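Each chain carries a letter (A, B, C, D, E and F) given by its place in the written order, and its residues are counted from 1.
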């Protein structure tokens, strides 16, 4: 159950409006690695933990925080949109800044959301739950989380570089710091689980059931041997269970497949036509 | 540039058809962590590497292999669909197996693809590039890859548990082994980059520009202190740049936001109405 | 900013597992009118209110509650999935119940989420922000909310009818009651705004700028005059600004449009070919 | 069955081309509340009405009209795109208007549709049937319709404000007037159904099966009591069946849920690891 | 502008309900090649024709007919859903037919649409305008139309094979016949345009601007020479402008690309790290 | 199985960067008819061919080539993005070119992909497998392929017209030439199959099972007789099996449908309410 207070976790106030930047900032609100993604990803993972304790609590702590970040970004974007220009391109075009804004702002910020934030990314794609991950295996999921915080901090940093407004930068410096913590925390949790299990997810699948002969082989399928010099091609495997090998000329292990013809009620191309292949085409009419 | 040979990387032949299992197996062909996802993810990352050498080669090696895995799965699914029943439910229902198949198979396997594999997951959602990640920052992206291989191997293992066909199990044991390698290789690459940079992505953003006071703080936003006992709440941070702290009673750092009214041409609810709020509602008509 | 407590707003415990029902119940978690939709819809509306006071508070109150409902449903679904069968269809088919389950459950509940709830609807479509609405005009948005609660309660009631488990019914009877409140509250808010503005959204657009001659006309475009007997075709208009009229034989007000040919650099079909239209087709080759 | 005449329901001719405005105007053709949405929404509702008479006829009348509005908008957009510039940015940039157009127009209007309208919104998202609603319960659906006409008219009005072309304004003033009618007609139909049933959808669910104790309670889940002063928190409920109450300090009604561990064949994190949680992490390697 | 009559173009009445078949039949209503797709495809093409005459009229004739087919299918599906079972799996499972239905019917047909048709395909994916095509070049678009009618008729035929109900078969035999006509008509229109232009779309691009040396070459990129025996590898090209050639051992025409490092403000992996690639990884902790 | 070489099939090097053009060029990489679409379409068709020989080989040859085209476009786009400007709008706006770029470039090219290509189209929609087609019926699918190459070449030509960079034009002239070949080859394959089967897909459905009386009729459903003058309305049908006829005044063949009321557990609008329709609405409160 959730309680809301109307104060913000941190300031979200720009010096002045900037509709073009509002459009860009949508990326870390409603994009693939925006705050909606991490909030719902952590909450869904937490709700699915089949057991109690610190991992579940950590997920719920962080999920609740990300809701606050959605709120900060929604507030910032609404303020960046204050007084967004609409209207007469000819007049506006005399002022190149307004021209760029009219050409570049997200038109839905005026037409659809009435100067509010959208649950969408910087090009206007609506957020989708295709972005989120919750498998019930915490080592797998914490890796998803580490990736999300890595991509998210990278995007926030790039937006910082694109910003000139001190209020925007101030807020981003908060979000970037929180992403530093979140990367640290998921790495800590990952190390702990890896030390109890193994680095390979899931650790509970019996080794003898996999084809061990290719569990540590790098197949050189892109011509050139640069990858042969990497750690992944030499020495003990990272999981300590095998030895990396480099297969310079990988070959197929199975013959060309031949598929059985479909039954007549499927109405695929008839086997007789496929087999025969005689060219009955009449002379070109051109 | 790519060359194709018609032989398969590994066998993809079931003992006998099973349309219901074909539907499930679609998950690791066209689902969020299916082979289409990893193939295109690695290739797009490889094409975007702005520099040469072993990382790019590793990406292209692995991307090319994943194309072969799409091919194996497409072949296996086509064979699992051989002779899939269609038609008369009443007759079929006398045989409970056929009844379950008629109720459970993906109808598009007959109607749309003519007993071929679909570029879709196990519930029939078509594959979307929303699943893939390529940021240009290799540490971030290798984490995405490690996650993809972790989720993917987990799904393959679950499908192995659901399988009874020895041919299907044989193929899955190959794919599971390859995922073992791929997890190992991305971990190796991650360790290497982390040791050169730092665990926090991107490592190139100046520390002093983030709010360092919250870079290592865990906010207890879900009541209960279980998460206080984790490594993430105690001791030196994993990046070696700070000390974890646990904030038991986190508070807002900023006041409740007040947004400026929208200009009249936006036609939002008028400020006078919002401010006033007088209840003028006539007596209920009920 | 949000605080979470781990207790549930209300009980979410089935008597016994039922994977098939778990699949259906996903509709009101992650479907078009599921709890994710209303939670994010109310929160986004609240964050965008450009003014303070009771409407914003009401939105935030209700949005926070809907988060608790997502949590209840995620918990219920996880429990309905306890011990979901996977595996051998032949054995299972001897038990028609298991056969139906194997044929009918959402395969991603086992393969993808590991017996956890999915952010998806009852057929497996992932949730999308295309479902939500926040325009900045509260009368418009409260109508969206009333619709969402009407559709949502209707779906919950239908699921109640499909349920046999007393635990499931108990939880649904809570959600249905809350939807009763939420329909009541949005109607109350709508009446209040309608009495201050007018029923037509937006009320701030000058009447004289619309084509008043067709503002109250019902065009009979589907043959048959049944609709002529409705209130909407007779008497004063509901907004009190005009008189309904029924146009029995509606005609076009504008001529057939003629579009200018595209410039050559667009490479559309040439005007000469369109205009001429001479049939130069050679005799059929069949 | 449908018959088409080539004349337009109303004029759709701009004074002059404006590719940037064409992009914006797409919103009410192919956006969430565009004409495709209302046309297909009304038609699907009509086709599903299980009974005859005036409601079905009204739906078909209006659905047929919305098809004519798609046609008008498609025509207007094609004309706004006449002679859209492509090509040399350097030359174009000397003319700031052309620069803004080149930066801002939808590139698919040239590349994909060849200066025709797209079935897409103002940012280029293709139309999706996720937007439409047809439940078989007419009171629920008429509320969906009233919302659609409210959002749609709001967007048309905002586009009117952004327009400078007299031909565009003329067409919009037609569409705005029609939305006035359509809001009036759905309100009339809603009042009629509400007076026969009740305001709560569905009216056919027995009251005693819902948790009546929370059917009229407003839970104060966002700190601050502004919402306590609303009609929704005081007096008889709008449905006349209860009394609104304001719950200032809402508490959970159910304990923290404990989920059963997943069976081994799911390969989630093991209960032993979740329960134990011992920190076995080796000393940081940094 | 459109006029509707309530009579159906053809009968749409099954002998008896069949919810499982209703789910399948959705494919040709709301799938990729369903009636919504062809209706909107032809109408959008027609509205975009920049010229008048027979092609535009043909498109509008056929588009209007496809609207009638949506209507027939929506009616048929509603009737197939009459009295669809919901409820108690245990009881139902005693009747294997009902068990299969409960396991296999689209749950949204009961929960969401109230026994009405959905704008979705046979697995429940909502219709999307991603399916439709209108380019402004009629030869290209008529090929899209011929494909749509070919795929659509194939699907209708497969559904005919899966049907046992004489009413369903009767309706499908109508739709299949109409698809026969529509394939014939688009072929006729294609031949006419090909004879005026050429088979290569667009015919208006100057030959000398393309790399003519590869305009008729088949590159053998999949090992094995079976494709060398086809008409496409021998003799005059079909467009009459060149000679087909078979390139047995195709080679790259350009060197390996080297991309410039990204500027620092993008925070990609640093060139020094990419170039160096030294393995600094500490000894494995396992 | 696939092998990759790092050399490109053809040059992909612009004279100089152009982020705005990079955005547009995405259309033929990740749009509906971009290279991802044709690559995966041909490969999926090839993998599903249930028989061997030249058609399968042709599909695999061409699919493998299209992978090389994705690679070329990804490389070209990365180079067009070199040094893409971010940042200060006010400064930038002094240079109208930079202003147009800032307003018009795809913001994800900087924020998300770090100056790499995206698997998306020119407006930023991510690629989806909804675009691709593989039915198992080769004549149907080759028509899909011919359409894809027609639309794709048309788009490439339009992009050529929009280009000023000689490197971009050079690459496009390669791709356009390859599309010339691919249109030729699919036409050749289509003619061959048509001459063995018939033009109507599928050719295996018994004629007597379709309603032959409407297999060659053109219904004039859009007022105006222009379409009566086409080949499709006169003479022998193209398939040689009938005679085209023009139905000037098409009428319905079936009565208005009456649907049975839904059972009570569906909670649709009650039949009594639908039937009665009495207007009980109280006097308007306005």
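Criterion: contacts are C-beta pairs under 8 Å (C-beta built on N, C-alpha and C of every residue); 3 or more make two chains touch, one makes a residue touch a chain.
No experiment lies behind these values; they were computed from the predicted model shown.
Novice: Are the interface residues of chain B and chain C largely the same numbers on each copy, more than half shared, or largely different?
Specialist: Different, since under half the interface numbering is common to both chains.
Novice: Tell me the angle, as a multiple of 5 degrees, of the rotation that maps chain B onto chain E over the C-alpha atoms.
Specialist: 120
Novice: For the interface formed by D-F, which of the candidate pairs A-E, C-D or B-E is equivalent, sharing more than half of the contact pairs by residue number?
Specialist: Checked against D-F: the matching pair is B-E.
Novice: Between chain C and chain E, tell me the centre distance in angstrom, where each centre is the average of that chain's C-alpha atoms.
Specialist: For chain C versus chain E, the centre distance works out to 26 Å.
Novice: So, what's the distance in Å between the C-alpha centres of chain B and chain A?
Specialist: Going by mean C-alpha positions, chain A sits 8 Å from chain B.
Novice: Two or more other chains in contact with one residue: find those residues in chain C.
Specialist: As it turns out, chain C has residues touching two or more other chains at 1-9, 32, 48, 50, 52-55, 60-61, 63-64, 68, 75, 78, 86-87, 96, 99-100, 102-104, 110, 112, 114-115, 120, 123-126, 128, 130, 135-137, 139, 154, 157-158, 161-162, 188, 191-192, 199, 202, 205, 221-222, 224, 229-231, 238-239, 252, 259-260, 262, 265-268, 277, 279, 281-282, 285.
Novice: Examine which chains touch each other and state the graph shape they make (line, ring, star, complete, other).
Specialist: It is complete, because no pair of chains fails to touch.
Novice: In the complex formed with chain D, which residues of chain E make contact?
Specialist: Counting only chain E, the residues touching chain D are 1-9, 30, 36, 40, 43-44, 47-48, 50, 60-61, 63-64, 67-68, 70-71, 74-75, 78, 112-117, 119-120, 126-130, 132, 134-137, 282, 285.
Novice: Tell me, which parts of chain F touch chain E in their complex?
Specialist: 5-13, 32, 46, 52-54, 56-58, 60-65, 68, 75, 78-79, 82-83, 86-87, 110, 114-115, 128, 130-131, 133, 135, 137, 139-140, 143-144, 146-147, 150-151, 153-154, 157, 160, 173-174, 176-178, 180-181, 183-185, 187-189, 191-192, 199-202, 205, 209-222, 224-227, 229-232, 237-239, 244, 252-257, 259-260, 262-263, 265-268
Novice: Please name which positions on chain C make contact with chain F in the complex.
Specialist: 154, 157-158, 161-162, 198-199, 229-231, 236, 238-240, 265-267, 277, 279, 281, 284-286
Novice: Would you mind writing out the residues of chain A in touch with chain F in their complex?
Specialist: The contact residues of chain A facing chain F are 18, 20-21, 23-24, 27, 31-32, 96-97, 99-104, 121-125, 154-155, 158-159, 161-164, 221-224, 252, 258-262, 264, 266-271, 273-282.
Novice: Residue numbers of chain C touching chain B in their complex, please.
Specialist: 1-6, 48-55, 86-90, 92-94, 96, 99-100, 102-104, 106-108, 110-112, 114, 120, 123-126, 135-139, 188, 191-193, 195-197, 202, 204-205
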